[in-house]
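So, here come the structures, one by one.
One chain, subunit A, links the two complexes that follow: it is found with subunit B in the first and with subunit C in the second.
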Partner chain A sequence: MTTLATTAREEVRNWVLLHAKDLSEASLTDTTPLLEARHITSLLVPDLLLLLESLRQEPIDLANLKAGDLRDLRTIYARFLPE
Partner chain B sequence: MDSLDRLVDKLCESSRRNFHNVYEYVTWPKAVEPESQWFMTPELCSLHGTEAWDLLDERAQKRLAFHEAVNFFSLNIHGESALMQGLALRLYGPRSRTMSPYLHHFLDEENKHSVLFGTFCERYGKKIYPDRKVFALGEPSSPEHPEQGDFLFFAKVLVFEEIVDRFNLAMSKDTRLHPLAVAINHNHHIEEARHLAFGRHICADLWAAGQRSWPEEERRAIIEYLQRFFLVSWREYYNPDVYRDAGLETALHGRVSKCNPWQLQSLAWEHPASVARRAAMSEKCKTFFAQISALPEVMAL
Partner chain C sequence: MNSIVDVTALNALGLGWQESGQSVLSGKLLELEARVDQSFVALARAWNALEYRFPTFISAVELQKLDYFRSFPHLVSFPVSLDPEEANLEHFAREPLGPGGEVQLTKTRPVREVLTPAACYHIYIHEQSRSFDRPRYYTTRNTCFRREQYYEPLRRQWGFNMREIVCVGTLDEVKSFLTACSAQVDTLLSAVGLEVAWTAATDPFFQPSKNAKYIAQRVNPTKTEAIFGGDLAIASVNLHQDHFGHTFGLSRQGAPSFSGCVAFGIERWLHAVVAQHGLDANRWPSFPASFPKGARTASAPVALAGDA
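Now for the complex of A and B:
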């Protein structure tokens, strides 16, 4: 994995920890369900999308975005911040 | 007849008196010139007040203002789409008997607004900017209190329309703007005045009833959600896609250290001039919600 991708992924993880309710460093894993468990609400999604766009320096195709694309950190990394 | 019935009668009468054919409301020029005409009040553009704005020449500022106008109209379309769905769901619903006559006008007028916004965006901008509020999940309304869903719906409509109306009012009077931009904003402002009066009344009634019957924890969750909605509504006015389409990265290259679309979005959002503009334009809305105790008086934007 490149250093750039690692840094970007860390930023996303930190963002989730900052905004997610009831999640600690220890309880947030790469497979913790973010939307389904309501750790991230739908009103936080626009900011998460902006963060992902800024990290990958590329717009996200919103028309084809599915809730499953933001299921957990592992899915987010694979979908938006590939190695 | 209670005060809501009287308001519904008054608003219905006003809507019928001002009923118009949206397809004859404005004349659509074949083309517009985004770099030589203003389509958005410059002082309302998201970057206004920043160093980046000052570094753009007037043609580039006008080009940016045009894309900001397309974004403003796009977010109106998305807001009105959600609004029309909510209104249609409530037509003749169990809790909307007395207001249904006005809901018909509300729907009709919102549909007409979207015709104007959509025509402008498609015809001249060749696009409608997509909505980043892609999922509508997790509203904090309890199934035991369906009126909470009604309150949240009308409160969100009010937040959206109060902000939009500040823009509409300013641009309906701005003689620097292309007459088409003035006309669209003027039409929206006039009709929104009725919608806002209705929304304020409904929100005040629902929240007053909720304060008596909804558990404190649920009311707190509603307030928290509404605060977040307020913030997200404003965020949409700072769209990186707009900066990309306006060619700002090229125009500012070498003159502003961070000028990619997302860096400009952060710059615009965080700049003290923007913070002050948001605060000023949110004042009326925040005062209303503070008066009915549905939002704390101080709310950071």
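Now for the complex of A and C:
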């Protein structure tokens, strides 16, 4: 994985830690369910999508969003910030 | 599968269709409607749901707390009355209708109410600021109003009847209710021979790509619809998270309550029965008159006691 990709993924992880009410460095894993467990609320989803767009430097087509696309960090990385 | 039933055939069963988007029911269809809703009420009673009959109007101030007008301005209908000043009433009475039959409103009173768009809203408003020491179950039926781009008899109407069964509690309590009640709905559907596909769905938001709630529903579905005939949602299961709890001060165990509902579009069930079983009312199925208590597991046997 490139350094740029690592940095982008770290930024996403840091964003989650900043906004998740009850997650810590230790408790946030790549498979922690973010929306389902309500660590991230629905009102923050657009902000997360904007962050992902800026990190990948490509727009995200909302029409192509599918259930589970933001399920956890592993899914987000694979879907929006692939290696 | 095209499940649309010819309106002429429906006329013979007791449907009177009004182009404004409303149905008159009589005869066999009216009898079926009573049986269908009685079955839904029986399902609600399995959860010891408190039954309410709310008014037709709902406060605009209360709906605004939900940001309803930003999310659904295209759907909303308002009751309007004239300013009671005598000169205004005289002015209106001189020529109340225009050439196309449209009401020529003169000065009106301030509009403060909305024609109910969804039955369960009344419940959260009615119960606001309450704290619950256990999960609570409710049922209510209301005539709901939604302006749509087009109307079809029984399938899509301006005024239609919605029955809802609602749970207010912790997230686990609400999820348990939705899972178990969905299974009971599946049992009901099987008993009456209606095949559906449960499909994740979103609410019909205005300018959806600009609405955070729509985007959130796309990636984290909280709404599932029972689709009959490939295109007709006859029921839905909805997890509201703690949205209504936060908005209306409902609390459970010291935190905002979660809520969820199972909703039925009554006229759509009539259409589905006719589309599936035909125009001979003698061939229409019996609807269950009772269901096992909701506290049991979904795998418990169903007691079908015949026609409701």
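As a convention for this text, the second predicted complex is superposed on the first by the 82 of 83 C-alpha atoms of A that agree within 3 Å, B and C clash if a C-alpha of one lies under 4 Å from a C-alpha of the other, contacts with A are read in each partner's own complex, and residues count from 1 in each chain.
One rule holds for everything that comes next: a residue touches a chain if its C-beta (ideal position, glycine included) is under 8 Å from a C-beta of that chain, and two chains touch if they have at least 3 such contacts.
The structure presented is a predicted model; accordingly, all values stated were derived computationally and were not measured.
Residue contacts after overlaying the shared chain place A:S42 against subunit B and subunit C alike. When the two structures are aligned on the shared chain, A:G68 is found in touch with subunit C, with no touch to subunit B. Using the contact criterion defined above for the overlaid structures, shared-chain residue A:A78 touches neither subunit B nor subunit C, since it reaches no partner.
In the superposed pair of complexes, A:P59 makes contact with subunit B only, with no contact to subunit C. By the document's definition of touching, of the two partners only subunit B reaches A:L50; subunit C does not. Annotation: subunit A residues 35, 38, 41-43, 45-46, 49, 62, 65, 67 touch subunit B in one complex and subunit C in the other. By the touch criterion stated above, subunit A contacts subunit B in their complex at residues 35, 38, 41-47, 49-50, 53-54, 57, 59, 62-63, 65, 67.
Those residues of subunit A whose C-beta lies close enough to touch subunit C in the complex are 35-36, 38, 41-43, 45-46, 49, 62, 65-71. Against subunit A, in their complex, subunit B makes its touches with residues 130-138, 225, 228-229, 232, 235-236, 240-241, 244, 260, 262-263, 265-266.
Contact residues of subunit C toward subunit A in the complex are 171, 200, 209, 212-213, 215-221, 241.
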